[in-house]
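Chain naming follows the written order as A, B, C, D and E, and within any one chain the residues start at number 1.
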Amino acid sequence: MKNYIDFAADAFWNTLKGLWVTLKVLFLPAITVQYPTEKIVPYPRFRGMLAYDAEACIVCGMCVRACPSKCIALAKAAPAPAPVPVEGQPAAPAAKPKIAWYTLDYGRCNFCGLCEESCPTKPKKALWHSLDYEAVFSTRAEMVRSWKRGDDLWGTARNTAEGQLVPVTDQIHIQSVPVRK
Amino acid sequence: MTADEILAKLQASFPGLVKSEAPVKEYPTWTVPAESVRVVFERLRSKFSFDYLDVVTATDWSGPINPKGYPQSPAVAAGAAAAPSATAKDIFEVVYLVTALSTGMRLCLRCEIPRKEGASVPSLYGIFMAADWQEREVYDMFGIHFEGHPNLKRILTMETQQGYPLRKDYEHLPDKFD
Amino acid sequence: MTEEILQPDISGPVFNHANGRLLMPETRYWPTDMWKSPWSLPTYRRGAAVLAGLITGGAAAAWFLGEIGPRLAPVYSFIEAYALAYGVPAVLIQIFWTFIKGGILLLAPLVNALFAVWWERKISAHIQSRMGPMYVGWWHGVLQTVADGIKLFLKEDIVPDCADKIVHWLAPVVVVIPAILVFAPVPFGNELVFADIDIGTVYVFAVGGVSVMGIIMAGWSSGNKFSLLGGLRSAAQLVSYELPRTFAVLPVVMLAGTLNIAEIAGFQAGYWGGIIPRWFIFYPVVGQVAFIVFLIASVAETNRVPFDIPEAESELVAGFNTEYSGMKFALFFLSEFAYVLLSCLLMAAVFFGGGAAPLPFLEFLPSWAWFLSKVLILMFCFLWFRWTFPRFRVDRLMDFNWKFLLPVSLLNIAAGGILIWLLS
Amino acid sequence: MGIVLDNLSKIESLPGGGLALATSDSLINWARTSSVWPLTFGLACCAIEMMAAYASRFDFERMGVFPRPTPRQADVMFVAGTVSKKMADPIIRIYKQMPEPKFVIAMGGCANCGGPFYDSYAVVKGVDRIIPVDVYLPGCPPRPEALMYAVIKLQEKMRKMTVKGGLGATPLQAAGSRKLI
Amino acid sequence: MTKETPTAIKADQMFINFGPQHPSTHGVLRIALTVEGEVVIKGDPDVGFLHRGMEKLFEARTYSQGLILTDRLDYISATHNNLGYCLAVEKLAGIQAPLRAQYIRVLASELNRIASHLVFFGTFAVDMGAFTPFLYAFREREMIMDLFEMLCGGRLLHSYVRVGGVSADLPAGWTEKCREFLKFFKPMLKDYDTLLSGNPIFRSRTGGVGVISADRAVSWGLSGPVLRASGVNYDVRKADPYCVYAKMNFTVPLGKNGDCFDRYYCRMLEMGQSVEIAFQCLDALAGAELTPGEVMAKGVSKMLKAPAGQAYAHMEASRGDLGFFAVSDGGLNPYRMHVRGPSFINVAILQEILVGCKIADVVAILGSLDIVLGEVDR
């Protein structure tokens, strides 16, 4: 009988303590980020939607090889005819290879960062994960975004140094969230 | 007691039990003939307190993977699957890893069986319950039969699965979802 | 298959252009930042101010309106006199008056559900350091429940093939009708009661018990094993918790000497020593024990955590209403909250003196305001329990009832008898 | 569909019916967009981010998103994770059990098109091969905010629904999905 | 008792399909339950609803691409899977990660252990019918998610540990944030105890339910907190130390009864130990002997070619003994990669312990095993 009463008293007391924990939180402020009106800017290393810079790209195909889910495809443009060497002057440096088209399948992307790591261009990467995470599509075909010559789909993105977050204004799609590097 | 001493003791009753030529790194690795798998493990458990079965798995040594085993061509790195592997043999290799929890000693036992339909090894079900699902998985993936397993049926793949996926020559047949 | 069916339907950009306030990486609303000094947060201060304003405003409005109950009798006699003057038979007036009262009675659980669901969602959210509904309606999602209701009303109503169609259709009706009828003898304030019947207490328990039938019917007819289990569990649970619940009220009935709920509430008017209200909960030992037993049994009767085993979400998916969609599901929801309101009303009337003010100088507020605030506080307790406790296991639930609550409530009746003997 | 919606479009022939219909359309759409009840149904990694979206930091309930455990009471299904072939039939079944109007959000790369498992023998390459999808959400896994953004986009889609022309969100739903699949 | 005919017994039995879509199966597990009233007389777990052919895919990926798949194994503790995979591949290729990277690995994996156990705590509470602890757990977990996002860019799937080290050094300001979190989290554990562990309803639901004796646990090959709750002191961090766990000072919490409560409480205590280990790592990382920035072994290329051979590496993941058995034939891809998923082996015991319990206990037992279907089905 004493055990029974002890148990009941103990249970009652522990129940009250539990109630106290929840009551305490009731009067503490909520930690909610109200998403559509407040948007978290991810940390600089965040792997968001892939962004591509056609100007910086040297069409090496490293990203295609690195991608574990084969979501990248590209083609090299026909090289411009080499300038006729002029006598007495050093030969013009070989022209940088140009991209003909570049296709990213966002639906299949892993957001793993291997392509970005493998991109050899310096000082700014041609392919990198932006900080943008808001992207929604209504068809599967729409998710395959491709860049074509003469088509300013992504424009030229500006890279800033890591850690420094600067809102980008001249980019077409990624407007509200800044870009790194 | 070191692994070599245990091996010497066991070899007295099981002459087929030998040290492997290509050991698993940092593990004493022995090769055991298929017919004595169950008795060796019984002995290991009762006499040498190897009471914890870590892994039962298998390897198909028949050579490079068949790209047809994938519904879409995978991102196989260039040249990886070109030449037949130098180690190609026509065998399945069933691998067991056991641990003695009291001493912390670890062992790897291997059993090579000819690679054919209905290839089989004795089941460890009953000695180690851990073998239950792991053997079912090996059966599911490789089609290796475990004699004496009471419930040997597919576990991970669908009942309608054709072939054994982890065999190197597995060919994927398109189904209604592909 | 999908190619010809799906069309691009979302207009506008793929990436989000709508700008919100950007939270830079320094601002992450970590609890470490938010909880250090809550009063320094403008939102917190604003919230507290709004809350204080609401309470004061409500009190002022209540004071302005004054007592409603006593004013109703003159209205009735006015109508009666007016109608009699034109030769309308008295019976017709009686029927007309009853219909008006019935209409209001019908509204009570509806309005209650609209409010209580919203309130539950807000309270639960803040207990869990969230916000709860924020965007529907003008202020903090007040219209959330209305939207839910309209949506549920317009949803497809599915009757499973293997269901017993008639019983499946009938079950929500059987659940909801007693849930409305049961409010008839319950007072909402002084002289504010739909039907002032003398066996009110018995009526409430009797009619409330009918809803169990509906739940069993729902569980049985759905043709779903989870529903069936839920129905069976609720049958066992509700029938057994009916007992301690009734027994807990008995000491009060013995003391007050009446079964009429309004009279029981009226019996508790006044103060001991001019300061302690003569509410039943303040009667030594008997009152507190009776209240706790009644509270626990009420939580169990209303199928709420920790006693929500009939609809145990993690075990039985949704229990007896697994197969109900649309409006029928909404009816189950409605009746659940109606019973919560009923339990709170009963507790307020029986244990907290009904419309009596807690302190003599607070008597300037009308009785219905006190009644309402007591009901709100008690309802908060229900929600508070719900969002704190885990769920009982079905056999422990029975153990708890038969081995703890029932003996305690029986002992309490005896103690009540002793108390009456001491008082007399 | 319920008896109300089936017959509501007939009031247009009445005097002032057009106005009434437009009003009821906006009311119905308001109710639908304000109370999107998803099914508590997770498959893989994305389900954890889905749970995070319900949790305190992001709090899906702000938008009226209130998870229901049974498909009978759900409006939208988040297909959060890899759809394996063994799971495909249950998913179709769950979809059939949901009452009209119903919506599907494919969350994450796997549900979009197989994601990292695009060459696996056991994975359905995109949930749209088995059920109609309204919104595709790339990411592996998408952030909880991205899921909220998908719901916002779905609400945009819902707002275009009318009582008169096709009650469902997709032509498939107007035809009665239960017959088609 | 009169002798009942078999048909009469059958008539009282009911077959319940528990899952694959069920709120408390933690994914897509299916349990075929045969019940008599509320009592389970046979429970047969059916897995494979999330089978993705992962082991087949490893054979078609390079070593660095394969790492991405490991994230998706046990998605709640992605870093552990990365680490296990990397340990196996490093053993196979004979690579030694720099010391700083090893400390960071330990730190990251302990943080991930906390995150994973928090998910367990939350979902277990939901299984028991208490919703609030779930949200409290996720509230704290979000802070860890922030830390990981800062560290490697991924919230849930990190891909942080790479073959030969980690992908990047700690960013500026990370250690302070990490300390802030750990200091906040430690007293929070007490709140959890008050809220759930001390609750009489919770104790009555978990105590004495689903008891696994020590020898059964060993025989079934269970691992992790499930094994230790039965009183078997087997923790890979102590028994076969990897990375720098040998230098860490911590205790391994052990249970006595092997019931659901012990399994639950082992994890709660482990979180406290993880906090301690994380503090030790932070102290060591602040020390001078570890060169900042040196987090990757020299000469590890993206196109790693491991020499022919076999290696098995295991580590203590949050669900138990996670092992990777790697076979290389000298090519760019693993010839064979087998994953010893602790959840896969732990869930097998369900068929034994479900017998005789109530339907409500099924949920408790399943929750206390804390399985992740990604790892079960692979």
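Note that in this section a contact is a pair of C-beta atoms (placed from the backbone, for glycine too) under 8 Å apart; a residue touches a chain by one contact, two chains touch by 3 or more.
Everything numeric in this text was worked out from a predicted model, so none of it was measured.
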{"item": "Distance in touch steps, counted as few as possible, from chain A out to chain C", "value": "1"}
{"item": "Required minimum of steps from chain D to chain E, each step between chains that touch", "value": "1"}
{"item": "Farthest-lying chain, centroid of Cα atoms versus that of chain C", "value": "B"}
{"item": "Which of C-D and C-E has more C-beta pairs touching across its chains", "value": "C-D"}
{"item": "Computed distance of Cα centres, chain D from chain A, in Å", "value": "26"}
{"item": "Chain B-chain C separation of Cα centroids, rounded to whole Å", "value": "62"}
{"item": "Where chain A and chain B are represented by their mean Cα positions, the distance between them in whole Å", "value": "41"}
{"item": "Between chain B and chain E, centroid-to-centroid distance (C-alpha), Å", "value": "24"}
{"item": "Touching two or more other chains - residue numbers and ranges from chain E", "value": "23, 48, 51, 53, 56-57, 60-61, 65, 68-69, 71, 132, 135-136, 139, 146, 150, 157, 195-196, 199, 377"}
{"item": "Two or more partner chains touched - positions in chain C", "value": "2, 6-7, 9-10, 16, 25, 28-31, 125, 127-131, 134, 313, 317, 387-389"}
{"item": "Shared-contact residues (touching 2 or more other chains) in chain A", "value": "15, 18, 21-22, 25, 30-36, 39-40, 42-44, 49, 67-70, 110-112, 134-140, 142"}
{"item": "Interfacial residue positions of chain D with respect to chain A in the complex", "value": "56-59, 62, 109, 112-116, 118, 126, 128, 134-140, 142-143, 145-146, 148-150, 152-153, 157"}
{"item": "Contact set on chain E toward chain A in their complex", "value": "61, 64-66, 68-69, 71, 132, 136, 139, 146, 149-154, 157, 159, 167-168, 171-172, 191, 194-196, 198-200, 302"}
{"item": "Chain E partner contacts - residues on chain A that touch it in the complex", "value": "10-11, 14-15, 17-18, 20-22, 25, 31, 42-47, 66-68, 110-114, 117-118, 129, 163"}
{"item": "Touching residues (chain side chain D, partner chain B) in the complex", "value": "85-86, 88, 118-122, 124-125, 129-130"}
{"item": "Chain D contact footprint on chain E (complex, rising order)", "value": "20-21, 23, 27-28, 48-54, 56-57, 60, 68-69, 71-72, 75-76, 119, 134-136, 138-139, 141-142, 145, 155-157, 373-374, 377"}
